Amino acid sequence: MELLNIQEAVARFVHDGDSVALEGFTHLIPFAAAHEILRQGRKDLTLIRMTPDLIYDQMIGMGVARRLIFSWGGNPGVGSLHRLRDAVEKSWPQPLEIVEHSHAAMASAYEAGAAGLPCAIFRGYQGSDLPSVNPQIKFIACPFTGEKLACIPALRPDVAFIHAQKADREGNVLIEGIVGVQKEAALAAQRAVVTVEEMVDDFGPRSSNTVILPSWSIDAVVLAPGGARPSYAHGYYARDNAFYIAWDEIARDRDTFKTWMEENVLREKVRQ
Amino acid sequence: MSYSSQEMMTVAAARALSNSDVCFVGIGMPSAACNLARLTHAPRIKLIYESGTLQTRPDVLPLSIGDGELSDTALTTVPVPEVFRYWLQGGRITVGFLGGAQVDRFGNLNSTVIGNYDRPKVRLPGSGGATEIATQCGQIFLVMKQGPRSFVRELDFLTSLGHGRTGRERQRLGIRTKGPTLLVTDLCIMRPDAETNEMTVNSIHPGVTREQVRANTAWEVRFAEAVQETPPPTASELEVLRDLHARTARAHGAAVGES
Amino acid sequence: MELLNIQEAVARFVHDGDSVALEGFTHLIPFAAAHEILRQGRKDLTLIRMTPDLIYDQMIGMGVARRLIFSWGGNPGVGSLHRLRDAVEKSWPQPLEIVEHSHAAMASAYEAGAAGLPCAIFRGYQGSDLPSVNPQIKFIACPFTGEKLACIPALRPDVAFIHAQKADREGNVLIEGIVGVQKEAALAAQRAVVTVEEMVDDFGPRSSNTVILPSWSIDAVVLAPGGARPSYAHGYYARDNAFYIAWDEIARDRDTFKTWMEENVLREKVRQ
Amino acid sequence: MSYSSQEMMTVAAARALSNSDVCFVGIGMPSAACNLARLTHAPRIKLIYESGTLQTRPDVLPLSIGDGELSDTALTTVPVPEVFRYWLQGGRITVGFLGGAQVDRFGNLNSTVIGNYDRPKVRLPGSGGATEIATQCGQIFLVMKQGPRSFVRELDFLTSLGHGRTGRERQRLGIRTKGPTLLVTDLCIMRPDAETNEMTVNSIHPGVTREQVRANTAWEVRFAEAVQETPPPTASELEVLRDLHARTARAHGAAVGES
C-alpha cells in the first residue's frame, strides 16, 4: 500500500485498454477517481459496474469506454442515462459493446473474483432472454442433484477504485453503511485504489466486525474529501439528489453535456 | 376526498401486503406502496432494499435504492452479494415488487430494450435485481401504468419471467415460487386465471370503464366472472400517503418520487 | 420466531434421526443446547460441525450420533478428543460413520446452504487423499477456463443451534467477535434455534453493519445465560481453558466420562 | 544461556519470517514462532488465524485458534467462510505454517490417521484448514519434532500436499504456489533440493550430530553440500519467548502451549 494523490494513482494504475471497476452501490461512488481518469485521457477502457450511474454516463459520454459490463443502467429514481443510451442506440461518441447481467449475477461474479475463483455459480436467469444475448452466461449441472445452475466468469478487473470513509496511518481502510460490492471489487481486482474522506491516526474503539480492508490487500490510498459527490458518504455528507435530477437535463443533449464536462470536470486540471 | 389514479394504484398495491410479509422493494411506486402499508395496516412488514438494508423503516421515500436513510433506519446492512445470495436466493423473501416497460398477458416483463437487442429503438435500464427477484420471491406483485404500448401482445425482450410465454413455464423449469399473483395498474387489478395463468381483471377502480381497460391493453384482455369495484382510497390512506410524499419532497429538495 | 425455553426448543425442533449442526467456531459453542439434547435422549443423529470440540465429544460418547460430518476433530491446544477417537477406532459406544472434509470445504458448504444452493465450488483438495475416502467430494470443470474445481454438497441441516450475545424484544439476534460460521449454519438449516446470553429491549446505537440475524430468519430464541460455557461469549465471560485441559483426563476413560456426564449433565434435569 | 531443543526450533522458525509476510497461523509452535517474530525482528508481520481474526496482535498465546484475545487485538474479524474464500483462496497469504503426525521426504503431511483409514490404529484430528493452506499460501513452513515414526518413508494418508509423492505433483496439478520451502525440526533445518524437491538438511542445530538426524529420519536423509550450524537462540530471542510463555501460562491458569 502506498499513499498517493489522485493524479499519481491514476497515472500509475490505469492504462489504456484496461478493465476498470469503479464501484460503490449508490453510496460512496468514486467520482473523484473517474474525473481524474477523464482528465488524464485514458481510452479503450472496459468499464465494469453493477449500476453505471452518472459516473459511467460521464465516462461513456466522453468516449473513454469501448465495452461496458453492467446490470442496471438507469439514473436511480430519475430515468435514463442519456449518454449510455446514446452510445448504445446511436454509437455516439463511439460504439459501445455491452455485456449485460442481472444484479445477482454481477454480485456473485465479484464474490468469486474476490475468492480467487474462475467462475461463479448461482440459481439465476431462469426463463429470461438474457442468456441468449450474453454468451458469458452458461449453465452447469449440480453433480449431486442434477439441478441446472447459472455459471458466469468471475469478475477480475485490471484495476478497481472504491471510495471509503477513513484510512488509518498504516493504510487500512474502514467502510461503513451500505457497503455494496466495494470490498469484493477491491479484492477481485489486480490493483485496488481506495479514495477516502479522511486520514486518521487510528480507527479507535469499534465493533470487532467492522468492515475493514487491511493495507496489505490494496495498492494505494488517496485522500479525496468529497470524492464521492454527488453520491454520498455516510457520516460525512448526503446524496445530492437535486444534482441527480438536474443531470437528466445536462446529459440529454450532447453539446450541453460536453460543455458541462469541460467546465466542471476537465478544467479542474488547470486549477491544481 | 378526491384522489389521482396514481394514488389509487399505490393504495391498491399497499393493501395486498400484510404484517407477515418480507418484501423486496424497488424504487418509485413499489417503495411508496410498501411504506404506505408499513405506516397503515401492516406495521410489522419487513422491507428489504437490494442495497443490503434489512428491515428498514425510512421516514421519507428514498430517491435511490441505496439512500443513506435506508441504512440509518435498518436493523442491519449487509453486503450486496449477501443480499442476493443468503436473502433472496436463500428463499427468505415472501413478496417482490416488479414493473417494467412492457408486460404481457402472462406477467412476463421487459425492462431491457424496445426494438431489437442489438439495434435498440430504446435502450432501457436492464434487469437490475429483477430477473432473480421474479423467480426467487414467494410471489410477485406487478405494478405498472396501463397502456397499449406497455401492455403488449408480445414482449420485445423477456427480462424477467412471469408465467412464461405459454403460461406454464415455471412448472416446466422446476421453479417452486408462485410468480405474478397480482398486477395493479392505474385502471384495475388483475390476477392470474386459475387454469391458464393469464392475468385477468378482477377489480376495476372507481370511475374506470371496461372499455378503458380494453383500450389500454394490446392483448384481448379477459375479465373474471365477477368483477369487483376497487374500494377507493380511504381518507386515512390518502393522508398517510400524502404526508409521506410531502416529507419526501422536503427532504429531497424537489418534487420527486411522485405517487 | 418464538421465545422458548431450552426444553421446549429441543422437544419441538430436534427429532431422532435428524441432521443437527451445533455451530460456534471456538467462540459461542452452544453447550446448553447440546446438554438438553442429551437429557431428552435423542438418538441416531447426524452431527455436523467443523470442529467437533468437547461438545460433540460429549454427544458422541453418550451414543446419540450415528454419523459425523466434520473437518477437524481435536481438543484445541490440548490433544485428542478421546470419545470421538474411541467411537471411530473401537466403535464405542456404537459405530460412528464419518464424512470428512477440510475447513475450506465445510465453510463453503455452509455458505452454499445459506445461499439456497445445492452445492459449493471451491479450489480445494488438490493432491490430497481425502477425495478417495469421501465420495461426497467431486470435481467439476469451470466452463470458461477448464480449471478443475472441487464440488461438494451444500450443508442443509434439519436443525441448527447457535449461541449469541443478545436478542431484542422482537427476537432479532446480535452476534459479535469471532462470528465463525454461525450465521451461515442458522440460515442453511431447515430450523434454526438461537440461545442467547441476554434479552434486551433494543440493541441501541450500533454500527450499520453489525452482524444481526433478523427474527424472521430463525425459528426460536432461548434465553440461556452461560449457555456457551466452557467456551466463551465475547463481552460476557472468557474461555475456560482449564476445563478444556481437564477434559483430556475426564474423557480418556469410559467410566470416568460416563460418571462425569451423569453428574454434570444428565442430573441437571432433576434440578429443573 | 542454555535453551531447550523446543526453544531452538521455535526461534529457527521465527527467523524465517519477515516484515512483509502475511502469515496463516496454527495453534502451538507456529503461533509461538509467529508471535516471537512479531515481537522481535518482524514487528510489521501480519498474523491471521483461521477463526477470521485479521492482523491480530495477541499479548498471550491463544490456547485455541479462536480465543477472545485474538479478536480483541485484531484489525478486524471476518466470518470463517470469508477467511477461507477471500483471504486464503484469494491468494493473499504469503506463508502458512503446518505440521502433522507424519511427514515424508517431499514435505507431504498426514494429520488424518495412523493405520488404515477405515480401521485406524490412531484417529488423528484431520485436515482442519491444512489441505487448502498447503496449496494456497505463497509458501509453506513445516515445523515438527523429528523422529523415526513421524519422519516416514511412506505416509499412511496424504492429508496435505507438499511436493507430492514424486516431488513433482504441484507442477502436474497446475499449482502455482511454492509449497514447503522450509522444514524446521528440533534437530535441524531442511529445505527442498533445487532439482528433486526432496527435503534436504541445510543446517544442524548446535550440539546435534548428523547421526542423530539420520537416526530420527526413516528415509535416507540427504545433507546439502555445505551444511551450516544453526546460530543458537540469542539472549534477547530467549527472553522474549520466555516472557511470552510466562504471560500465557499466567493468563490460561495452567502450563499450556509450551514453546
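Each chain carries a letter (A, B, C and D) given by its place in the written order, and its residues are counted from 1.
As a convention for this text, a residue touches a chain if its C-beta (ideal position, glycine included) is under 8 Å from a C-beta of that chain, and two chains touch if they have at least 3 such contacts.
Because the structure is a prediction, the values reported are computed rather than measured.
Asks: I need the common contact partners of chain B and chain C, sorted by label.
Replies: Under the touch definition, chain B and chain C have A as mutual neighbours.
Asks: Quick check: more C-beta contact pairs in C-D or A-D?
Replies: C-D
Asks: If you average the CA atoms of chain A and of chain B, how many Å lie between those two points?
Replies: 28
Asks: Using mean C-alpha positions as chain centres, tell me how far chain A is from chain D in Å, no decimals.
Replies: For chain A versus chain D, the centre distance works out to 40 Å.
Asks: Rounded to a whole Å, what is the gap between the Cα centroids of chain B and chain D?
Replies: 57
Asks: Hey, what residues on chain C touch two or more of the other chains?
Replies: Touching at least two other chains: 111, 115-117, 122-123, 147, 177-179, 184, 208-211, 234.
Asks: Got the chain B residues that touch at least 2 other chains?
Replies: Residue numbers touching two or more other chains: 71, 77-78, 85, 89.
Asks: All pairs of touching chains?
Replies: Going through each pair of chains, those in contact are A-B, A-C, A-D, B-C, C-D.
Asks: For a test of understanding, state which residues of chain C touch chain A in their complex under the given definition.
Replies: 115-119, 121-123, 136, 138, 140, 142-145, 147, 149, 151, 153, 176-179, 206-211, 234
Asks: So in the complex, the part of chain D that touches chain A is made up of which residues?
Replies: 22, 46, 54-55, 71-72, 74-78, 85-86, 89-92
Asks: Along chain C, where are the residues that touch chain B in the complex?
Replies: Residues in contact with chain B: 111, 114-117, 172, 184, 187, 208-212, 214, 216-217.
Asks: Under the definition above, what is the set of chain C residues touching chain D in their complex?
Replies: These residues of chain C touch chain D: 25-27, 50-51, 70-74, 76-78, 80-81, 84-85, 88-89, 100-104, 107-108, 110-111, 122-130, 133, 147, 177-181, 183-184, 232, 234, 238-239, 241-242, 244-245.
Asks: For chain B, which residues count as touching chain A in their complex?
Replies: 27-28, 50-53, 62-68, 70-71, 77-81, 83-85, 88-89, 108, 112, 117-118, 120-132, 134-136, 157-161, 164, 169-170, 173-175, 252-254, 256-257
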